[in-house]
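Note sheet for the following structure.
For reference, chains read A, B, C and D in written order, and residue numbers begin at 1 within each chain.
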Amino acid sequence: MKKFINDPADVVAQALDGFAAAHPELRVDTAQRYIARADAPRPGKVGLVSGGGSGHEPLHAGFVGAGMLDAACPGEIFTSPVPDQILAATRAVDGGAGVVHIVKNYTGDVLNFQLAAELAADEGITVETVLVDDDVAVQDSTWTAGRRGTGATLLVEKIAGARAEEGGGLAEVAAAAREVNAASGSFAYALTAATTPAAGRPGFELPGDEIEAGVGIHGEPGRHRERLRPARELVRTALDAILAAKPFDGPVILLVNGLGGTPLIELYLICGEAARYLAERGVPIARRLVGNYVTSLDMAGMSLTLCRATDEMIRLWDAPVRTPGLRWGA
Amino acid sequence: MKKFINDPADVVAQALDGFAAAHPELRVDTAQRYIARADAPRPGKVGLVSGGGSGHEPLHAGFVGAGMLDAACPGEIFTSPVPDQILAATRAVDGGAGVVHIVKNYTGDVLNFQLAAELAADEGITVETVLVDDDVAVQDSTWTAGRRGTGATLLVEKIAGARAEEGGGLAEVAAAAREVNAASGSFAYALTAATTPAAGRPGFELPGDEIEAGVGIHGEPGRHRERLRPARELVRTALDAILAAKPFDGPVILLVNGLGGTPLIELYLICGEAARYLAERGVPIARRLVGNYVTSLDMAGMSLTLCRATDEMIRLWDAPVRTPGLRWGA
Amino acid sequence: MDVALAREWMRATAAAVAAGADRLTRLDAAIGDGDHGVNLNRGFTAVVAALDQEAPPTVGEVLAKAGSTLMSRVGGASGPLYGSALRAAGRALPQTSAVRPDELVAALRAGLDAVRKLGGAAPGDKTMIDAYAPALDAFEQAVAAGAGLAQAAAAAARAATAGAEATVPMRARKGRASYLGERSVGHQDPGATSASLMFQALSDVSQV
Amino acid sequence: MDVALAREWMRATAAAVAAGADRLTRLDAAIGDGDHGVNLNRGFTAVVAALDQEAPPTVGEVLAKAGSTLMSRVGGASGPLYGSALRAAGRALPQTSAVRPDELVAALRAGLDAVRKLGGAAPGDKTMIDAYAPALDAFEQAVAAGAGLAQAAAAAARAATAGAEATVPMRARKGRASYLGERSVGHQDPGATSASLMFQALSDVSQV
């Protein structure tokens, strides 16, 4: 394993130190392990807290700031944060108007956030939990863990964050977040496996000309393995899967997302193919974002996310945001 | 080779299409192959043009926009653009106040920009050329090709861009750019080789526990090969090399840059180590930026850049910028 | 089981998890995200430290302390699940410095109920439950048949190991492995494997 | 050399570059950035197309057109260098439909001067010059000794190949390979290799 680290056991703590050094404009609590806006808690403002395993950077810490999250809790690599940590972040951003937990739908994340919400309730903090489960590669069913939360998390955090910033109440902010999630679908391909510092070797072996289709963001294998095909075909297959899962009967926000090890030039090429195919399918693109935003360590791969965007969502998407990972209008 | 492409020969053209789809706010001339601000040329404003081989994204196309470049010319992968292309971009942004060419110091870039500048002069456009040569891994000498232009290019483009935006004249903008370059030094490590689409295989073989020290941004091997060491030690060696090359007797801008395949969590860890060591060495950090900005396709690696920043440079660094790759205050 | 034995159990579990961390992580890499060994190792190391520092006076408090430590140190799916299992088990015990085997049966049953309630998984879903449930059944039957702790724990350990192995052909319906669908078949569940380590540790420390 | 032969030369160079593109790229990957074969292949493909389309009426215009095409299609270091070499050579020739060997010598000398002026490299710097210069010297000596084009070009081709091979032990002082310092030693320069392909092509088309 070749990584710029000192000791596999200390990666998250040391990266958090570095994040603090890189972003003095944010408050980093290295003991309790959360990142919060410097001005938190803001009286009367609904607080937005997210978190999850580390290794998905810039998600979530990179999305803390004006117009997006109030706090983020990074767990160990690919391991959800613990309830104490989530509780500390929740406390830190509660301005009396309640707190929304944005939780990607993984058993670990769901359980730890649930326990934290119970602890917060014991302290008199009202918490609304919003689950993100946009990954159409996984079949939804009440008998399974359900769909995974992936690329749409960025959209949920951005749009709900804007709603909270402009003074939306707890129910409104949570509703905005749920609407975005309900309107979104994602699908991902991996060209290589990810290597966690602790494991020290790639999560799976992938022969030279094979790829994994329908992967998540935790280095796990996908739904099936297939031969590498031209980007044009992969984009079409991915978009077909997304378009089949939900009605996309109007303008969309398109996220072309790299999984960490994919160069931007490939993501732009993918964006071009996606734009062409969506035009063919008659789906107008209202907004688009291209980059490595919801990642899986060093995995070479990409995900496409579509969100069927209402005018209101687009208005909130366009609203100012000032975070390390996403910034405009401010 | 596993990449999200259709045909190795068409990567640059198709990525440019995708860039156009991703950034309707910019003007993309796919025939002449340049990207320009939508409002170019701005009468009376000094135009800033940069360019170079593709494969370094977001450099340079991602830095076109208010407060930074007026135009960028992407060449083939790792191949400098051709004079016609540079000339077209120069024409497109000449508002009558002259144009600054920001050129990374590589023989190909230097020659092609030089030929373009001669052609522009023939048309009555005044061009000032600024060379960027910040890579301290290479010994400077009039008998060689000299030092390479790497991470400092971003700083030069940002600061000179801000100076041009606020109405600086041709000589002033060029002087600002040269000052930043003169005040900067960079050093890079690679953990893996890059794979160009045309070659289809990694540029060099690197055994499991070895790294290349003193690499550039074109997938070439470095100055020497060594054993992987903890990030802390690599950061110290890199900073020692930079600090020895130029006087850093005051506040610096620190750029922690990934070479394309390095996850952000490692870059943050590196930033933490750099901040600690600079504090030890008594070098104050005025500003810092962490991310994959000046890349080498899919290479896993990192570079550190220091710029000894005057108050004026910091003022210009802080000025608003609105580009796909760098954005604040606007 | 007295307080000393309860602590020995936790200590032996920590040792087994440390020794088996690589294997657990490899199993998790195959059908999950490759962190189960690291997660539990971090957790049980903290459990041993917490028990050394606090020395809870009752068996119930030992288990509850272990549970809350896992809960606040592990994260992931296994942290809350093992955490609430041990916490629920500890709280179900009488506040005494030693407990009878049948009291332990009831406590472990409360722990299993907590796991099922929190995680929503049923037997056959390819989770820790598929080792825990048969182990507990074997333990209960042995105790009902008059066996002592050593004998009952040995039966439970055997059932846990068999239960873990029986997860190999299962298709996962809960946890990360469920995302793999058909591809989860043919691999042993990491959580079921770690559960079998816990019952094996109980058996080991119970033998005299 | 008449116009037809000049065009044959460019076509044969294009074919040799296409056939050798992989080798040139591999050589460039070792001490440069691995694009030299792709660069020249793109360039000479365009040269052939341009010459087919325009059919320049003089040898000088053939070479000048080839040069300006390389200049505007190749990029990198080799584009301007080969481009200005051929452009300068073409411009140095009389505007006639055929040129004498001694006129070709002078033209190729003008081309070399252009490369040296633009790139600033000297013999021994491990560049295309280390094949180009000895080839031209051999060509000139043969012509001065009264040899015809075929014989002189064959001598030039031999000298170019030897010159390219002689770059192996050199330490690069110009171009990308210079960044490698000592590590550039032991590899043949890609540009010197492509220069030898050009002279070999000249020799091939000159034989009757």
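Here is the rule we use: a contact is a pair of C-beta atoms (placed from the backbone, for glycine too) under 8 Å apart; a residue touches a chain by one contact, two chains touch by 3 or more.
Owing to the predicted nature of the structure, the values given are computational and were not obtained by experimental measurement.
When each chain is reduced to the average of its Cα atoms, C sits farthest from chain B.
Centre to centre, using the average C-alpha position, chain C and chain D are separated by 74 Å. Inter-chain spacing, taken between the CA centroids of chain A and chain B, is 29 Å.
Per-chain CA centroids place chain A at a distance of 32 Å from chain C. Chain A and chain D have centres, each the mean of its CA atoms, that are 54 Å apart. Counting only residues that touch two or more partner chains, chain B has 77. Chain pairs that touch one another: A-B, A-C, B-D. Interface residues of chain A facing chain C in the complex, by the touch rule stated above, are 53, 75-84, 106-108, 111-112, 114-115, 137-139, 143-145, 148, 196, 198-199, 203-204, 216, 218-221, 223-224. Against chain B, the residues of chain D that register as touching in their complex are 25-26, 29-35, 38-39, 42, 71-81, 118-119, 173-176, 178-181, 183. Residues of chain B that touch chain A in their complex: 2-7, 11-12, 14-22, 54-55, 57-58, 62, 77, 189, 191-192, 208-209, 211, 228, 230-232, 234, 256, 260-276, 285, 288-290, 292, 295, 297-298, 300, 302, 322, 327-328.
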